[in-house]
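Input: structures, listed below.
Across the two complexes that follow, subunit A remains constant while its partner is subunit B and subsequently subunit C.
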Partner chain A sequence: MRLEPISQPSLQRRLLPPTLAILASFAIAALLAQIAGGNPFAVFDLIFKGALGSKFALLETLNRATPLIFTGLAVAVAFRAKLWNIGAEAQLYAGAVITVVLGTGALAWPAPVLLPTLAIGAALAGAIVLLIPAMLKTRFGVDEVVTTLLFNFIFLLFVSYLLEGPLKDPMGMGWPKSARLIPEARLPRIVEGLRLHWGFALALICAVVVWVIDRKTTLGFEMRAVGQNPEAAAFAGIPVAKVILKTALLSGGLAAMGGFSEVAGLKGSLTLDLSPGFGYTGIVVAMLALLNPLGVVAAALFVAIIFVGADSMSRAIGVPTYLADIMLASALLLMVLAILFTKFRVRRD
Partner chain B sequence: MELLDILLSASFWAAAIRIASPLIFATIGELICERAGVLNLGIEGIMVAGAFAGWISVWAGLPLWGGVAVALIVGMAFGLLHSVLSVPFGLSQHVVGVGITLLATSVTFYTYRVVLPEVSSPPKIEAFQPFEIPLFSDIPLLGPALFSQTPLTYAAFVMAGLTAFVLFRTPLGLAVRAAGENPSAVAAQGLSVTAIRMGAVIVGSGLMAVGGAFLTMSAFDSFFFDMVGGRGWICIALVVFGAWRPGKALLGAILFAAFDALQIRVQQASLGTVIPYQIFLMMPYVLSILALVLMSRSAQVPAALMVPFNKGTR
Partner chain C sequence: MSALETGAERADPVLRMQGITKRFGSVTANEDISFSLHKGEVIALLGENGAGKTTLMNILFGQYSADKGVVEAFGTPLPAGAPRAALDAGVGMVHQHFTLADNLTVWENIALGTQELGAFSLRPARVKAKTRDLSARFHLTVDPDARVGALTVGERQRVEILKALYREAKVLILDEPTAVLTPQETDALFATLREAISMGLSIVFISHKLHEVMAIAHRVLVLRHGRLVAEREIGDTNAEELASIMVGGEVRAPEVPALPAGPALLTLTGATAGVLQDVDLTLNAGQITGIAGVSGNGQGALSDLISGVLTLQSGEMQIAGQTPTHWDARTAIAHGVGRIPEDRHKAGTIADFDLTENAILETYQTDFSRAGWMDWTKARRHTEHLIQTYDVRCPGPDTPIRLLSGGNMQKLILGRVLEENPQIIVANQPVRGLDIGAVNYVHSRLAAARESGSAILLISEDLDEIMKLSDKIHVISEGRLSPAFLRGALSVAEIGKWMAGQGFAHAS
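Then we have the complex of A and B:
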C-alpha cells in the first residue's frame, strides 16, 4: 500500500475522519463497558449527566477543564515546533511550587499585585524546567522525549522532598502538604457563590494569546516553519535553535500557569496528588484539538466531561473510571490516524 | 570502607543482576525496534501490561512459563498496534508511542479493576524461585551473583546473546539493521521494509512485556499500579548508552542496576540519615539523563531511526 497526498482536500475530507475517530473511541468504550457488566447506553447517559446534568456538575467540569487547557496549550505550542514536550507534568508542579513558596506569606502584598507576581513567577519556573531538556536537545542533540519524561519523575521526587522538608506545613498533622496560601494569594471566584475561579478565565485568555502568537507574529511563523521542516527553516535564515528555546519557554510557562491556577484557584495548598496526570492528558487534549490553540479549549472541555462524568458513572454503577482513560488514549491514536486520512489517500500497489 | 564492603559482598551483586534482568529484556526489546528504524515509546505501557498479564494468568491457574507466554503475546499485540500505525501509515513515532503507553496502562488498570473489583491488596502468586546451577553457583562472589538466580534471569542473558547473534551473524539480522540504516537499499533487494520493521516492533514489544512480567513473577510476587515506575524510559536511555549494541546494552543495564542496588544500600547505611531519601530515588533518572548526554556525541544512531519509509518517495 502507498499513501498519496490529496492536493485540495474537500471540507468533507477534512471533517469526516476526525468525527469517525471520536465515534470509534466511543464504540470502544461501549464495548469495554459491556464487558465490565455495564449497559453502554446507561454508561454514557450517566457520564453526560454526571458532567453536565446539574449546575454543580457543570462547574466541576469547567474546573477540571482549566488545568487541561493550560497543559493542552503547552503541548500544542511545543508539538507545532516539533519540540516533543512530554514533561508538562513537571512544569505544572514547578508552577505550583513557586506559587506556594511566594504565596504563603513570603510576599505580604495586596492581591492585585501579588496574583500577577505569582503567575509570572510560576510561568518562569516552568519555563526554566523545560529549558534544560530543550538546551540538551539544541546543544547535544539529546532526544527531549526521554529527558522530559525522566524529569517528570525527578521533579515529583523533588516536590515530595519539599513537602516533607522545607515546605512542610507545621500545622499539617504530619501529612506531606504545604501551608495554605494567604487570602491575598487566592484567585477569587468569577461569580460569588459559584465554585468556578478566575483560573478558568485566565486559561481562556492564554488560549487567545497563544492563538494570536501563532497566527499573527513572526515567532508563530518561525515556530511553525521549524516544526514543518527544520532544514528548510535554517536555510531560509530562521535561527532554529533559538526558536526551539523560545518555544520551550512559552510551552513550559503555559503548563506552569496550570499549576498556579490549580493551587491559587482550587486547592489553596500543595500536595503530591495535585495533578492526576494533567501533563500527560494535555497531550491527548492537544492532539484532539489538532494542535490548534482555540481547539484546545473545546478539546479540554470534552476531555473534562469524560473524566468528571466517568467519576460519577463509576460511583453509580461500578464500571471502573479507567474507562475514561482508555477512551481518551484510543481517541488520541485514532485522531492521529484520522489526521493522516484528511491529507492522504491510501492506494494499493 | 563501608562502600568496599558493599561492593565485595555477593548479595550486592546478586541484587544488581536481579534488578538488571527486567531492564535487559526491555532494553533489548527496544534495541530491536530501534535497529529496524522505529522508536518505540510504548515501552513503559507495554511493560505495565506485561507485568499484569503474566501475573494475572498465573493467579488464574496457568503455570509460570504459561504466564510468561501470555505476557509475551500481550506485548506482541500492542507491538502490532504500534507497528501498524507507525510503519505502513508512518505516523509520528513520538505520538503513537505515548498513545500506546497511555492505552496499555489504562487497559491494564481497567482490567485489574474488572477482574479484582473487591480487593484492597492484590493477591500473591507462587513466583519463580532461584535455581542454583550446580558447580558454578559454588564460585565465590560470582556464583551467588550470576548462578543462583531465577530461570527468568538466565533467560534474559540467553535472550541478549541470541539477539546479538541474530542481529550480527544472520541474514535476517542484516535485513533488520539495514531497514534502520538504509531502507531504500532493503527495498531494492526486493525485501519489504514494512514487514521487517513491523516484525521487529512486534518481537521487541513482546520482550518488553516479558521484562514487565519479571517484576511481578520473579522480582516480586504481586502487581502494584506504579511498579514499572519509569523503567521503560530508563531502558530507552540504556539503548543509547549501549550504542545500539546488545552486548554493551547488557553491560549498561548491569552497571545501572549496580548503581541502583548501591543507592539502596547507602540509603540504609549511615549516609541515609543525612541525605533525604528522595535524592537516592532520583539517582536512576538523573543517571539516565547523564548517560544520554555523555553518549550523545559518540553514539552511532541508526541513520533511518524515526524516518518513515514510503515506497516511491525518495
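Then we have the complex of A and C:
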C-alpha cells in the first residue's frame, strides 16, 4: 500500500476527513465507554437524547454552540491569514468586561441603541486585545503564539482583579461577581418562552458575514494571499502588515462578540467561570471546520452536542464526562490524519 | 572530451522503462514510453515545458506510479511508486525543486533516511567522514557542518548529489540541474558528472539548454506531448535538429535589431540599496537595457529597487524626470512599472491560488473591485483573455497555478505584466527554465513591447541572451554597475573582465 499525491481533490474527498474523523472518534469512545462499564449503545443513545432529544435539550445545545461559533470564527479568520491567535479566551473576556462596564447602568439607553453599542464596544475591546500582539509581530517579529497564549493568563488575572475590585457587585454578598446588566442590555429570546437568545442568530450572521468577506471582498482576497504566500503578496503590492492588523481586528472582534453574547444573552453578569475554555475549544472547532467559516457552525454544533450530551449521559449512568474530552481530542487527531487522504490517494498493488 | 570516448558499453541495461503511460485526469503526461540506460551512459531528456519529462522521472524514481508499463533496474522490476525501492536499487534523484530540510546541517540531511530504523545515533563522525571523502572524490565542495538554509542554490544542489552518492547510487537522475546554476557552477557540475561517469555511474539529465546536452550526453531522447518522438546518438545530431524535433517545426529566434534611445523613463543616480553601491542607470524608451553578470552580484537588489520592494538608502531615482516622494510595489505598478520576478514560485505566484486569482494579484484593487467588493466575473473574463492571448496551456482559469508547467506559469506572469501596457519593464531572468519555443515567445513579446515604446531592463546570466537582445549593456559585479556599452561595443572577453570586477577601479 502506498500514498500518491492528488492534485485537485474533489468535494466528496474534501468532506471525507471530517466525516471519517467523527465516526472514528465515536468508535474510540464506544470502546472507552465499554471499559468504563457502560453499554456503548446506551451511552451514545443517552448522549444524543441528552443533546437533541427534547426541545429543552436542543436549545441547551444551541446555546452551548453559540460562543463556540464566535471563537471558532475568530480562530478560523486568523489562521487562514497565518496569524496564530491562541488568545480568543482573553478576547472573549475583554468583550464580556466591556459589556458589563457599559451595560450595568453606565449607559441608560433604550435597548435598540444600547445593544448594538455594547456589541460594537465589545468587538472593539477584543480587537484591541489582539491588535497588540499582531503589532508586535509585524513590527518586531515577536511570535504571536507565545504572546496571545500568555496574555490569556494575564487577562484572566486582570478580570479576577476587576471582579474583586472596581466591578464587584456591592449586593453580591462577597462573591467575585459583577453587578447584573440592566434589562435594556439583555439580548432578548428569539422566541418568547424558549431559552434561546439572539446571540445564536448573531453568531450565524457573523459566520455568513465572514464567509462573504472571504469570498467576495478585497480584504478576504488579501487575507488569503497573505496567508498562503506573504512574499508573493508583498511583491504584488499587497500591504502585508496592514492586512495582518486588519485580520487581528476582525478575529479579536469576533471572539469578543462571543463574550458579549454570553453575558448579555445567557448569564446577565460576569463571573470568572464565564468561559470553560471557549477560546481554546474554538481552535478545535476551527480545525474541525478546516478553517471554513460555514464549517465552523457545523463543527461548533458537533462539539456542543458532545459536551451537552455527555453531561446528561454522565448524570444518568455515571460514565465520566471526560468521555466528551476524549471524543473531541480523538476527533481532532484523526482529522489531521484523515486530511492526508484529501491530499493523497491510497494505492494497492 | 568527446562524449563518445567514454562510450557506453552495450551490455545489459542498468535501467529499463517499458511502455510507460501516465494520465492526470484528461492530461496524458506520458504515453507508451520505452528506453533503456546503460552503464557509464548519459542520456539527455529533451522536450517542451509540460512534455512530461519530470513525470517520467518521477515514475522512474517511484514518486508516481505509472498507469501502465514497467520499470526495471539491473534486470529486476521495481515495485511501482516506491522511492525506497528505487533508492535501494541504486537510483538517486536530484529534483527540479529541492527537497532538503533547511534547518538541518548538510551531514544531517545526508544521513536522514539512510539509517536503519531504531538506530540510536546518526553517527555524525562516520557520516561526516564519508561525506568529506565523497566531496573530495567528486569535486563537490561543501562544508558538512553548514546549515542547509544558509547555502546557495549551487551548494544545495551539491548536497542533493552527495546525498544520492552517499546512498551508493549507480544511476543519477538530474531534473534541470543547471536551470538555477551560474555558468561557472554549471562547469563545476559537469566536472562532477564526468567523474561519476568515469566511475561507471549512469546519468539521466534533463535540460532545456541544447549546448549543455550536446556537451555531456551520449544519447538524446525527445519527448513531445508525452510521447517519445525521437532518439538520437549525440554524434548523429546537432542542436538545430534537436530544437526542431522538440517543437515539431522550425525554430526561429526573433530578430531584434538595435534601436536608438528614446527619452529617459527611469534614471538612477548614485543609487545605494541592499548590496548595490553607487549605481547609475538610465532606462530609455524603446530600448532594452541588458544587465550581464554572475547571479548574486546585486541583480536581485537592482530589480527589487525598481520593482518597489527595496528602498533606496542614498542616491536618487527619477521616473520620467520626476522624483517620486514615495516608492513601494503599489506605487511602482501605478507608475507603469511591469515586474517579471526572478522566482516565479516564491514571488511571482501563489501556488494554491487559481489562475484568475494569480492574474489579478497586482490589479485587484484598481481594476477588479469596486468599494472593496471583488468583481470575479470581470476577473475571470480577463484571465480567459490572458490565457487566449498569451497561449497559456491549462485546463482553465480555475486551475491552481501550481499544476502548470514552468513555461505556462511564466506566460501567465508575462500576460499579467504586458496587458497593463507598462512604460517600464523589469524582467529578471525571464526565460529561466523555459523551453526554446517559450524562450523565443517571451523574447519576441519583450521586443514588441520595446517597439511600442517601453523601456525594458533585462537581467540575465545568459550572456548570449543579453548580447542578442539588448540595445545597451551594463555589467554588474559586487553591487557595482559598469557604464553602458552599446550592443557590440564589448567582446565576450571584455564583458568577462568586467564581471570579474576589472575596470571598475578606472571607471569610478
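One rule holds in what follows: the second predicted complex is superposed on the first by the 334 of 349 C-alpha atoms of A that agree within 3 Å, B and C clash if a C-alpha of one lies under 4 Å from a C-alpha of the other, contacts with A are read in each partner's own complex, and residues count from 1 in each chain.
Note that a contact is a pair of C-beta atoms (placed from the backbone, for glycine too) under 8 Å apart; a residue touches a chain by one contact, two chains touch by 3 or more.
Computed from a predicted model, the values in this text were never measured in an experiment.
**Student:** Looking at the overlay on subunit A, is there a clash between subunit B and subunit C, or do the two fit?
**Tutor:** Aligned on subunit A, subunit B and subunit C clash with each other.
**Student:** Regarding the shared-chain residue A:183, is it in contact with subunit B (first), subunit C (second), both, or neither?
**Tutor:** After superposing on A, A:183 lies clear of both subunit B and subunit C.
**Student:** Which partner, once the models are overlaid, touches more of subunit A's residues, subunit C or subunit B?
**Tutor:** Between subunit B and subunit C, the winner on subunit A residue contacts is B.
**Student:** With both complexes overlaid on chain A, does A:170 touch subunit B (first), subunit C (second), both or neither?
**Tutor:** In the superposition, A:170 touches no partner, neither subunit B nor subunit C.
**Student:** Between subunit B (first) and subunit C (second), which does A:110 come into contact with in this model arrangement: first, second, both, or neither?
**Tutor:** In the superposed model, A:110 contacts neither subunit B nor subunit C.
**Student:** If you stack the two complexes on chain A, which partner ends up touching A:193: first (subunit B), second (subunit C), both, or neither?
**Tutor:** A:193 contacts neither subunit B nor subunit C.
**Student:** Name the contact category of A:236: first (subunit B only), second (subunit C only), both, or neither.
**Tutor:** second
**Student:** So which subunit C segment collides with subunit B once the two are superposed: 9-17, 63-71 or 99-107?
**Tutor:** 99-107
**Student:** Return the residues of subunit A at which the contacts from subunit B and from subunit C coincide.
**Tutor:** Residues 2, 349, which sit in both footprints.
**Student:** Looking at the complex, which residues from subunit B come into contact with subunit A?
**Tutor:** 41, 81, 85, 88-92, 94-96, 98-100, 102-103, 105-107, 109-110, 113-114, 117, 229-230, 233-234, 236-237, 276, 278-279, 281-282, 285-286, 288-289, 292-293, 296-297, 310-312
**Student:** Over in the complex, which subunit C residues touch subunit A? Could you list them?
**Tutor:** 24-25, 64-65, 79-82, 307-309, 328-330, 332-333, 339, 341, 346-353, 357, 361-362, 364-365, 369, 372-374, 376, 399-400, 403
**Student:** Hey, which residues of subunit A end up touching subunit C in the complex?
**Tutor:** Counting only subunit A, the residues touching subunit C are 2, 4, 7-8, 215-221, 224-225, 228-229, 231-239, 347, 349.
**Student:** Show which residues of subunit A lie in contact with subunit B when the two form their complex.
**Tutor:** 1-3, 32, 35-36, 79, 84, 86, 136, 140-143, 145-147, 149-151, 153-154, 157-158, 160-161, 164-165, 280, 283-284, 287, 318, 320, 322-323, 325-326, 328-330, 332-333, 336-337, 340, 349
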